[in-house]
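Report on the following structure.
As written, the chain order gives the labels A, B, C, D, E and F, with residue 1 at the start of each chain.
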């Protein structure tokens, strides 16, 4: 396979990307039919961050972060750098110097299927990272990878220009072409939930709110006073 | 196996349950002879919470949170919902809507051998959860489970009405019938520790405080100035 | 193997140890040629601590913390207790009483290839611990181990008197004899990074700062406008 | 909790137990509604064994196999010894001497949520074991556990006298009281499968055999010649 | 995302596919520049099988094997069925009935990022499977997935029609378009190795055969009689 | 740290090494007081091999097998090559060509804390390997390590010249200096076991053979006919 840098990345409209980010991972994941979620081993290095951005991608090799410098040139304000690995790895491929550079170019954060380091500095800089591990293990710059090709990250395919949403619940990818329609579904979902939240807060049971009693009975659920009744 | 909801749950006296909670997991676990501790993969979604409550239980299937609505009706103030799975799973079976409902019913928290989501909201609501994972992966409502039957959670059997204590150190289950006697043992332990803490803080060695020098010597421990003496 | 306590531990000069600690794990790990890093499963129980100290070591058996009392006598101000296990284990071998004692003797923290408990107390005491797990599982005091012998901790050999640096990025060990020379390399590295950080913050690309364009081209990296060009 | 040995174990009829064993794990697991399967980390130490027997149980502590001698007295011909642990452990708690004893007493095999050793000898003796690990790590005989109490093994509750079926696919537990009815369901399932196997072997598609085409279409499955049709 | 079945799959020439299979995973992986290897958790259910075939793919959901029947219709002789999951799962999604059907259609084997069962039957049928787990856990047929779309399997993207090679060393995917050129490289590699094997078997050192002494010295490797020389 | 090759390795007498190998891992591990066992993730690539030999060691970096050629020159007949990694790794660092060379030099096998490949060839050659993983992932030859320095392998320190025993139960290391005394203890243990095996095979209970009834009663073990007696 040739090692390439693809210059052109088509992105979704900025307002759509931003609003998807505001809805958060759980809502967006539901809104696109429970697809696109990265595996749950991807965790934020600090709590409370929630971002939505367009993916610029890098495909790199274990223990080699050369391409993380190359992808820097591809960053546009509002982007999220997404890094896939050619084989499983937990080395600390990214630290505060690269974060300084990415932030200066307008990147909102990083999603990497490997390790990061300098996490105290990254936290102070408010540069959020979702990663597989935290590790100080350093890397070399010896082997080419690629930039802005499709990558596999924590079990999902991410294409350059796809929308990435990340928060404390994890990371979800939305294909660029369906971003508008997923946003529409997310809005509907949020509106629906508001009413429900109020009724549940007032003590109404989900059993009644969602009209579950009849289907539960039909499925065969039995109420007893004690397990002894079943003998 | 029939899918049942058991209506009657006998609980331990409220003051016993509350005081067990105040002692915390490490103390209660010691007080009942180092038994009852859930496996350490059960972690709190945020730091600092410490609760004690009576278990209402749900047995559910991977990727299906239907019974988490059914168990809602069983909650009494001071309860902790405890969820066992029929097979290993990390899906996000519980989120802010269910938490709103549980909290309105008086639940103190959740212990679930699977994943949760909306962790930022749960943190803001101060609704503590101990779980195996954090994951936005949504679930369906298609298959029956049971409510208030004995469940296996992270390697321990939890019966409805058992006392659950959970804090930053993990989760421990105390059988309802022995709760009073475990509490007594916990009180004794805490009283003993207070004196020891002061003496250790003053610089006294555990070796002397616990009178270990003689048994160590008897067991054969040798003091040398350097490893070379052993050659 | 005999069970011994070695009384004499030669330590590196205090100012060298302290300054290594200030540089942090990632810098020190790089400064000694990317060696000495403990495996990344070793995590701090709370964020933000950064320490450098001299290792006093204990070799213990799973579920038995007897030697953690014996090692207490060996602590000198500025030391870090480093605990290796004879077999993999996650039990909570260390809690607030031992921490009270260690802190009173001047220990800066603990590195243990097993579990710890009372983490809320440890956090309030500001006694940092890097461990494999958090677990309330209690231990016995029945089997001898050794104190101040070489131990394996998370994949690295730690000799008594070696320098330990630990922070949010993990734990690194520096052999006592090379501590001065590693410190020199760390200082050089930090000085170099300061300039780079400023240029990157100003928007200069790593590609240019590190003069990577020519070697990347030589290695065969190809720039295209779209992947279709490659067909 | 008191440490007890329960002398009386009620077992299911021998012919039912034996026939359940012959049907194997996958069939029996299906026949009881996909419940009762131990987690898949339980693996046989050699391939090809398939057994069905009545459970005699032991609850033991990590690194301590004292109770494995106590349970020996409880074995009746046709039994399977089932060992639960009070905390996760991989030590080699069982070897060829215990196997010699168990086999002499009529045991058909062992299911243990920990490690075993002497696997070459056990293989030569044709004494099958399903375990979490293979490890030569030896154990002590110091702490009491219990015999013939309910135990948790790899996520399932096993009561003394329950039926255990184990083969290359894993281990399943059938409650004693429902053994006859599960066997009935297993027989029906096997009879049904025989016809299907022949038709599938003859090249008939599952799509047609199971009449899936219509429900698939109703669920919305679309057939296209190429993904480009969807743009 | 729409759920689709793509009817047309372009395959590489049969003789190229077959010969790639004969070269085995290690050789083919090297021949395409150390890319395309599935993660090493993918293991064969029995030793000794080595196959090469064209991928027909299925994207399925955890615990639901409906699409494994749909993909059956897509199998042509010489194909290998490759199954990706929408989320991590170890359920036993495939057993002897499906294997009977696939084998009747000409499939050479299965690669699945989940569990399989009936492994004794599959072994007797000589139908090889590479999977993430062995588990008897049964599945439902309730949710649509897709057939012959690109899937992620154990960290690699597999497109329908790609060449799959699998043996005791694991599984590697070769993009259809580069299959001929990878085969060429594999042949060259094998030819080279034959000579080397003979010289190494005769006792010649790799150090000399590969002319490593000079580069090792240049890189700074030092020969000493004992570590004490270094002090 | 300097990268060195140490030429002189003192080995234990050949007959002692060989006889330790014949006793196997479980016996030797017990004979030296339950120490020296490598973690149980180290597994043989095929069943049935049992070897004892003197360690020649290599310290290598993840994904780089250069030093595995350098260590080849250090092999003497009866040696076992033992490879430690500077960081966790599962790449396939060793295959049939290196095995051909090692075998030609008289090596009995390999113990490596990483992955291996060509396992079918290695099995046919009867060259046994104990490893952390099987993986076809290839490696480079770019970074120096060391030969015949102390290494950490799966949690144990191995010094050049130490005795290694490996079989289906795992791998144990015996320090060179204590080899004779460990052998003596192993012989005693084996002699003792023979008598016990016969008595156990004749149906005598371990309870009686080991005179456990009295200590069990003293420790508080209670015999009941049913759990109901305890209420």
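Keep in mind that, in the parts below, a contact is a pair of C-beta atoms (placed from the backbone, for glycine too) under 8 Å apart; a residue touches a chain by one contact, two chains touch by 3 or more.
These figures come from a predicted structure and were not determined experimentally.
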item	value
Touching chain E and also chain F, the following chains	A, D
Shared chain contacts [chain B and chain C, defined touch]	A, D
Greatest separation from chain C - chain, by CA centre	D
Selected pair, greater C-beta contact count between C-D and B-D	B-D
Self-contact between copies chain B and chain E, residue sets same or different by half	same
Distance between the centres, which are taken as Cα means, of chain E and chain C, whole angstrom	39
Chain centre separation in whole Å, for chain E relative to chain D (CA means)	30
Separation of mean Cα positions, chain F and chain A [Å, integer]	43
Set of chain A residues in contact with two or more other chains	34, 37, 87-88, 90, 137
Graph class of chain-chain contacts, one of line, ring, star, complete, other	other
Touching chain combinations (by label order)	A-B, A-C, A-E, A-F, B-C, B-D, B-E, C-D, C-F, D-E, D-F, E-F
Contacting residues of chain C [partner chain F, same complex]	1, 32-35, 37, 39, 86-88, 150, 152, 155-157, 175, 178
Chain F residues within the chain D interface of the complex	24-26, 29-30, 34, 37, 40, 43, 47-48, 50, 167-170, 172, 193, 196-197, 200-207, 210, 212, 216, 219-227, 230
Sites on chain F touched by chain E in the complex	2-8, 46, 66, 69-70, 72-73, 90, 92, 95-98, 100-101, 103-105, 115, 117-120, 123, 133-138, 141, 144, 149
Interfacial residue positions of chain B with respect to chain E in the complex	62-63, 87-88, 90-91, 137, 142
